[in-house]
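Before I ask anything, here is the structure I am working with.
Note that the chains are named A, B, C, D, E, F and G in the order they appear, and that numbering of residues resets to 1 at the start of each chain.
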Amino acid sequence: MILPLDLILLLFVVITGIAALQIKDLLGATIILGSFSFFMCLIYTEMGAVDVAFTEACVGAGVGTVLFIAAVHKTKRRSKD
Amino acid sequence: MFEYIVSKYNYWVYIFLMMLGLYGMIGKKNLVKKLIGMNIFQVAIILFYISIGSKVGASIPILTAEDLHGSANPLHYMNPLPHVLMLTAIVVGIATTGVALGIIIMVYNRYKTLAEDEILEIRKKSGV
Amino acid sequence: MKVFALLTVIITGVMLVYGAEDFPKWGDPNQPGSVHVAPRYTQGTYIEAGTPNIVTSVVADYRGYDTMGETTVIFTAGMACILMLRKKKRGEGESNV
Amino acid sequence: MTYEHFAVLIVIVPLMSAFAVALLGWFKRWACYPLTLAALFVSFICSLGILNTVISKGTIHYHFGGWEPPWGIEYVVDYLNGFMLVMLSFIALVVAIYSKRSIEQEIPEKIVPYYSIFLLLVAGLIGITVTGDLFNVFVFLEIASLAAYALIAVGEDGAPMAAFNYVIMGTVGACFYYLGIGYVYIVTGSLNMADLSQLLPNLYHNKAVLVGFALFTVGIAVKMGLFPLHVWLPDSYTYAPSVTSAVIAPMFTKVMAYLMVRIFFTLFKPYFSIDLIPITQILTWVAAGGIIAGSILAIAQTDLKRMLAYSSIANIGYIVLGIGLANRMGLTGSLLHILNHAFMKGTLFLVAGGIMYKMGMRDITQFRGLHKKMPFTMGTFTIAALSMIGIPPTGGFFSKFYLVLGAIDARQWAFIVVLLISSLLNAVYFFRIIENAYLEPPVTAYATDGGTHEEIKRDELPLSMLIPTLILAAGVVLLGIFNERIIAFIIRFAVPASF
Amino acid sequence: MEVTVLIQATDEAFKIIDEARNRALDVLNTSVKFTAEAKLLEERKIQSIFKGAERTKSEVLSFLATFALLFFPFWMPLSGYFDVFHLSIGVGCCALVAYISHDLLFVNVRLGDMRTIVKRFFAYIPWLIYQIYLANIHVLKIVLGPKMPINPQIIRFKTKLQTDISLVTFANSITLTPGTITIDIKDGEYYVHAIDEAVAYDLLYGGEMEDRVAHVFMEAEHVYVQDVLDVARIYGALR
Amino acid sequence: MIITYEDIIIKTLTRVLAPFLQLYALYVIAHGHYSPGGGFQGGVILAASFILMVISFGLDTARRRLSEKADIIFLCLGLLIYSGTGALCLALGGNFLDYSQLVKVFPVTVAKARALGILFVETGVGFGVMAVMTSLVYDISTGGLPPERE
Amino acid sequence: MEIVYSIKPLLAVLVSLIAAPLILLTGERQKNLREFWTILAAVIKFSIVVSMVPLVLDGKIIEYTILPIAPGLLLQLRVEPFGMVFALLSSTLWIATSFYSIGYMRGLNEHAQTRYFFAFAMCLSSAIGIAFSANLLTLFVFYEILTISTWPLVIHKETTEAVRGGRKYLLYTLTGGTLILFSAAMIYSLTGTLDFTPGGFLAGHGTPAMLTLLLITLILGFGVKAGIMPMHEWLPTAMVAPTPVSALLHAVAVVKAGVFGCLRVILYVFGPKVLTDLQLWLPLAYFVSFTILAAGLLALGQDHLKRRLAFSTVNCLSIMILGAALLSKSSITGGILHMAFHGFMKITLFFCAGAIYVKTHKEYVSQLDGLGRQMPLTFGAFTIGAMGLAGVPPVNGFISKWFLCLGALEAKEIVFLVVLLFSALLDVAFFFPIIYKAFFKKPLDDVNPHFDEAPMFMVVPLTVTAIISVGLGIAPDAVVHFFKITTLAVNSILGLGAG
C-alpha cells in the first residue's frame, strides 16, 4: 500500500460521496456518483482487487451512471434536497 | 491510540461512507437521492470487504508463471475470497439499482413527482 | 425524519465502530480471514481448476453456484424491468404474441 | 441418480424453468402456465423425496462442483429445512395453479415475465432454505427480493410506491445481513455454516462477532417485517396483485423466520444466543409488542388485504416470540406456527384474491351476503379465520397452544397474556368479516315474519381458483389434526438437541 | 507543320479531354446516383448507416476487412497467447464481431479505396502530430505571456468535406490541436471555439488540414472531377 | 424519448468504436483465466457497445441491431448455458456444476476440463449480462411509455 | 374399572358431523330430505348412546383414541358415567328439538334454514364430544367447536340486535376459551397430563397459589358458558335467537356444556381432596350462591318471557355448580341429576314460549292473559316445567333438589340450605304468576278462547318432554337409568366402591 495515495483517494471518495448526496441537480449528482465509483475503483486497484475494480469501473461508473441518467432524463432533474 | 486509529483507517472511512449512505436512504426525500444513498451504502460495504482481503506486501490475485504448480505462497497474493464475494455484491447492487430505477419511473408516471412528501400528500388527497 | 435518520445512523455507526475494535490490523497477512479457507484457492487454482486467475477460478468453479445465483439476480432484474415497464409491443411483434 | 440430487433439483428445476418460460413464452404464450406448473410439481415431488430421505437416512449434504464444504458451497438438508421445503414447494404449486385466471384478469399483457419471476421467487426462497453457506443465502435472498419487488410493483395504484419503500428497506436488510457476514468472516475466515459453528465458540466474546450477530438479527428482522421495522409490509401486501400477496405473504416472511432460527441456533450455539447476550429476551419483548400492535392495527383497517397484512405482522410476532422464548416448547410452537401460518395466510390471501377477481372489491363493509354468492370461498375463509383465531381443531390452535406452553416453561406470564389477548383481538377482526359475509343484504328490509330476501345468485370462483383455495383450507384443518405426527416425526428433531 | 502538329496535339488533347469528360460524366452520374440513393437512405436513417449500397458485394468485403482489422492488429497483441486454443477462440470471436458489426466500420467503401485510405491515414498522423506540436508551442506562448493575450471566439465556416468519416476526423483533429475545439457540425458548417485570432485565421483561411483530411479520405477526387468538368466547359465554349 | 444527439461526431465515433468494444468484451470473457475480467465484465462491456448505439443512434436503430426478441433469447440462452453446463455435469454423473465430469466428453485433463467448464460458464454469464444490461437500458430509457412512432 | 375399546363413542360424535355437510349440500331446495337427515342423525345418535348404557351400568369404561394430538396428549373419547349423563340428556333432547325446530321454522317461514340445521348438527356433535372427552384438551377442542357453531344460531335473525348479541356471546365465550387454554397449558406443564381422573389428578402438583389461580381461571372459563353471575351478561342478550335455539342454548348444549365443564374441573381435575385441603370449595360455593339469589331476583323483574326463563336458567346452573362445590355425596348426586333433569324441564318451558310466539307472536308475560284456554296443552306442559323447577314433588326437579338439600346438610353448611330453599321460593314467585295469568285471568281481546294450538310438530315435542319430566320424577331409573348412572359417577369420584 502507498499510504499518501491511499489517503488522498479515500478523501476524494468521501468528498464525492457527500457531494453526490448534497447536490440538488440530480443529473449532476448522478455524474458525481459515477466519479465516486471511479475513485472507489482506484482504491480497489490500489488494494490489489483488480477484478473488483474492473467490475466496479464497468458497472458503477459505466452502466450504473447510464441507467441513472436515463432514469433522471425520464423524470425530474431538480430535487428539493 | 493514534496507531490504533491509523491501523484501521480503511474501516473508519467505510463506516463513515456507510453512515452517509444510510442517512441518504432514510433522511433524503427525493427518491433518486435515496437511491444514490443506497449505492453509496453498498459501495461502502464493498470497500469493507476489499479491506478485509488485502494483505501488506501481497500482489494481485493472479498467479505468476513460476507459481503455477502448487508452489504459490498464499502470503504473496491477496485474499481472493472477499473479491469473489464482492463481484457478486456489485452485481447485486446494480441489479437492485436497475429494479429501483424502474420502480421510480413507474412512480413518476403515476404521481409526476419524485419527492416523497408530495407523493404522500397526493395519496392522502386521492384517499388511497 | 431528518432527526430520526440521524439517530439511526449514529446508533448504527456506534455499533459498527464498537465491532471494529476487535478487527485485526488492516492488511495483516495473517489475519484469520486470510489463513483459513483462502490459501487453498491460491495453491490449488491452477492444479485443480487450470486457471491462474484465482478470482476467476473461485468465482466460476469453487463458488460457481454463487455466481449462478448472481447471474440469476441479474436475470431477475432484467425480467423485473420488462415486467414493470415494457408495454405491449407494437408493429410486427404482435402477430405471434 | 441418487436421492441426494433431489436437494439440488428442487432449486434448479424452477430456476431453469424460469429461463425456459421467458424464452418459450415469447413465442408460445400459453406454454408459460403448464411449464410453471410442471416445474413446481417436480420441485414438490423432489421436496417430498428429500424429506423422506432425511427421515430415513439423516442429514443430506450436497457439495456443489464436488468441492468439500469450507471451500465449496454445500447444501444441507436436515429436519429443520426439510419440512420447510415441502411447505414452500407445496404452497407455491397451489398458488401457481390458482394464479392463471387472476393474472389473466389483473395484468393480462405481462403473463410471460410474471411467471418467470414467480418461478424465480420460488427458487430463491427454496434456495435460501436449503443452503448451508452464509453467502449463498444472501445471493438467493436477493433473487427472491428482486422478484418480490417486481411482483409487488405491478399491482394497483399505490403499488410502485409501496415497492419502492420495500426496495429501500429490503436493501438495508440485505446489506446489514451481508455486512454481518463480513464481520463474522473477518475474524473466522469461513463462510460455511457448519464450519462456522465449529469456529465461532472460541470467539463468542469477540466484539466483531457480537456486532455481526446484531447485524444478522436486524437485517433479517427488516426482511421479515418484525414490528418496529415493518413499515414496508402493509402497503406492499395491500397493493400487490392478489397472486403476489398470496405467494409472498405465506412464504417470504416464513423463510426469513427459518433463517433466523438457523442463525440463532445452528450457526451460533443456543448458549450464545440465549445465555451470553440478552438477544432472545429483547426479541420476545419486541415480538410481544408486534403481536399487540399488529392486532390492534388490523382491527382499525377496512381493507381486507391491509387487514391481513397487519395480521401477518402480528403472526410474525408469534413466530419470533417462539424463537425468543428459546425453549423446546416455544420453538416447537414457532416452527409449527411457521407451517400453519403459511397455510392460513395463503388461504386468506387466495380468498381475498378470489373476491377481488369476482367482485372487484376489498372493503370489508361491502361483503354482505357474500356467503350466498360464494359459499365455498367464504367457507374456506371461515376455516382459515378460525385457525387464525386459534379455534381447535385447526392448525392455528395447536401452534398457539405450544407457544403458551413455551411461555409457561419460560415462566413469562406477560407473554401468555399477550398471546391470549391477541387471539381475542384476532377474533374481533375476523368475526367482523364473517359477520358481514353471512348477513344477507338489505337488513333494514327484514320483517318480523322472517322477511323476504333478494335472491342472490350463486356465482362461485372458477374451478382453477376454487380448488387450490379448498386444498389449502383442507391443509389448515389437516395440519391441526395431524400436528402430533408432524411434531413427532419432524419438528421434534428440528429443535436443537440442547434444549 | 507547326499548325498541323498543333492541331494534332489539340485533337489528341481533345480526345483525351473527351475521354476524361466521358469518364467524368460517368463518375458524375454514379455520384448523382449515389447521392440520390443516399438521400433515399437518409429518409430511412437506419439503412443509411447500417446497410450500405451495393450490399451483396460490399457486405462480404466489409466483413473480411473488419475481420482482418480486428484479428491481426487488435486481437493478437491483446491476447498474447498463440496456442491453437486461444487462436481458435480469437478467430471465433473476431468472426462473431465482424458478423455483427461489419456494416458499422466500413460503409460504402470499395476495397481498393480502402488500401489508399489506410495508407494515407497513416501518413497523415505524423503530420497531425507535428501540427499539434506547433500549436502547443503557440498556446504555450500565449499562456505564458505576461499579458496572456487570449481572445476566445467561436468561428463558423463551411467545409467542403462530405463523408461522415472525414468530417469527424477533421473535427477530432481540430479538437486535438490545442487552442481549438470543435463544438458542433451542422449542415456542413463547423462551429469551432478558438483561443485567439491567429488560430482562428489559420482555420478559416489556411485550410491545409481540411485539404489533407480530404486527401486522406479521397474526397479530393470529387474536386478533381470538378476541375476536369470546368476545363471541358471551357473547351466546349472554345469550340 | 431517448437522448439522441443528431451529432455526426458521436455517431461516427460510435460506429468506429463499437466493433473494437465488442471484440474487447469477447477478449475479456475469453481471457478471464489469465487476466482480470470474466463473463460479467465482458458482458457489461458488450452491453456498453449497444448502449453506445442507443445513445448515439436512438433506441429504434439500436433495437434493429439487437431486437427485443433477440435480447430475450440471449438473456435466457446465457442463463441456460450456465445452468445447462451444471446440469450436464449432473447428467454425466457428478454433482451439479462439477466440471471435472467434462472429461467424459472432452479429451482433456481434469484441470483443463475445469478450465473449459469455467469458459462455458463465463460465456453464459457474458451473454446473459449483455442482454440484461441492454434490456435494462432499453426499458428505463423508454420509461414505461410506449415509444412514439415517428 | 374395566376398559373396553370401541368405536361407538366416535360414531356418536361423527353421526351429526357427517349429517352436517349432507344438510348443507341438500340445501334449501329439498327441505324434506334435509330435515330427514337431521332426524335420522338424531335417532341414530340416540340409539348409539343408549346402546352404550348397559356397558356403563356394568361399571365398564368405553375408550376410543382418535389420534395423538400432541406429545403425551391424545384426542381421546371415553365413556364413563358422568359423561354418559350429559350424552343421554343431549341426545334425547336433540330428537325433541329436531321435531320442534322443524315445526317452528316452517311455522314462521324462517330464512336460512339450511344454515340453522347445519349449525344445529355441529352443536350436537360437539356436545356429545364434550360429554365423552377423556381429557381437558379434547374437551377444550369440542368446547371451542361448540362455541363457534352456536354463533350462527345466535345471530340467526340477522337484526342489529341479534348481531350485537352474537358479538357479545363470542366475546364472552372466546375469552373464556382463552382462559381455559391457558389453564390447560398450565396444568399440562405442571403434571404432564390432562386426563380426567375421578377424584382429580392435581393433588401433589404445584403451589397452593398456582392451584388457586388455576381454579379461578378454569371456573371463569367454563363459568362464562354456565352463566355464573359476573359473566352471565351474554345469556339474556342471546335471547334474540329463535326459540329452539334458545332452548338448545339454555337447556341442552351450550350452558350445560359450561356446567359440565365446571363439574369436570371441580370433580375430575381438582377433586374433592385438593379442594378441601386448600379450603377452596367454600369460597366457590359462596360465589355461586350469590348468582343463585341474584339471578332469581332479577328474573322476577323481567317482563319478556324468554328473558325471565333465561334468568331462571342462570339460577339453576349455579345451583348445579353449588351442588358440586359442596363436595358431599348427596350434593354431587343432586348437582349431576339436576343437570340432567333441568334440561328436560327447561326445554319444555322454552318450547312452550316458542309455541306461544309462533301461534300468537306474543313475547311478554303481561300479554299472556287467558291464553291457557286457547292453548291448554302448551300451558299444561308449562305448568309441569314450572312445578319441576320449583321442586314440587311429582316432577323430577323435586328429586334433584332433594338431594341437593341433603347435600347441604351433609356438608354442615346451613347457609346453603337456606339459599336453596329461598331459590325454590323465588322459582315459585316468578313462574306462578304466568300460570295464574294464563288460566285464570280474563282473556285479552286478541285471544281466541277456543282450542287453537300451535302446529303439531311443536306441540308433540313439548308434551313429550313434559311427560318425560314427570316420568323421571316418578321413576328416575326408568329406561336409561339416569339415577343409577349418576350414582356410579358419584361413587367413582368419591372413591367409594360400586353400588
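Here, a contact is a pair of C-beta atoms (placed from the backbone, for glycine too) under 8 Å apart; a residue touches a chain by one contact, two chains touch by 3 or more.
Since the model is a prediction, treat every value here as computed from it, not as a measurement.
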Report task. With one step meaning two chains touch, work out the least steps from subunit B to subunit G. Result -> 2
Report summary line: When each step joins two chains that touch, the fewest steps from subunit D to subunit E total 2
Report summary line: The chains touching both subunit A and subunit E are F
Query - Farthest-lying chain, centroid of Cα atoms versus that of subunit A - result: G
Requested in this report: Go ahead and note the Å separation of the Cα centroids belonging to subunit A and subunit C.
Outcome: 18
**Report entry** subunit C-subunit G separation of Cα centroids, rounded to whole Å
**Finding:** 68
Report summary line: Cα centre of subunit A to Cα centre of subunit G, whole Å, reads 78
Query - Geometric centre distance via CA averages, subunit E-subunit B, whole Å - result: 47
**Report entry** Residues of subunit B touching at least two other chains
**Finding:** 9-10, 16, 18, 22-23, 29, 51-54, 56, 58, 60-62, 81-83, 85, 87-88, 91-92, 94-96, 98-99, 101-106
Report summary line: By the touch definition above, subunit D meets two or more other chains at residues 15, 19, 22, 26, 64-65, 135, 139, 142, 146, 149-150, 153, 185-186, 191
Query raised in the report: Which of the residues in subunit B come into contact with subunit A in the complex?
Result: 9-10, 13, 16-17, 20-21, 23-24, 28-30, 32-33, 35-37, 39-40, 43, 46-47, 50-51, 53-54, 56, 58-62, 78, 82-83, 86-87, 90-91, 93-94, 97-98, 101, 104-105, 108, 113-115
Query - List of subunit F residues in touch with subunit B within their complex - result: 34-36, 40, 136, 139-140, 143-145
Report task. Sort out for me which residues of subunit B touch subunit D in the complex. Result -> 18, 22, 25, 31, 34, 38, 41-42, 45, 48-49, 52, 81-82, 85, 88-89, 92, 95-96, 99-100, 102-104, 106-107, 110-111, 119, 123, 126, 128
Report task. Please name which positions on subunit D make contact with subunit G in the complex. Result -> 329, 386, 389-393, 397-398, 400-402, 404-405, 408-409, 416, 420-421, 423-424, 427, 431, 435, 438-440, 443, 446, 448-451, 453, 481-485, 487-488, 492
Requested in this report: Quick one: which bits of subunit D touch subunit B in the complex? Just the residue numbers, please.
Outcome: 135, 138-139, 142, 146, 149-150, 153, 157-158, 160-161, 163-164, 167-168, 171-172, 174-175, 178-179, 181-182, 185-186, 191
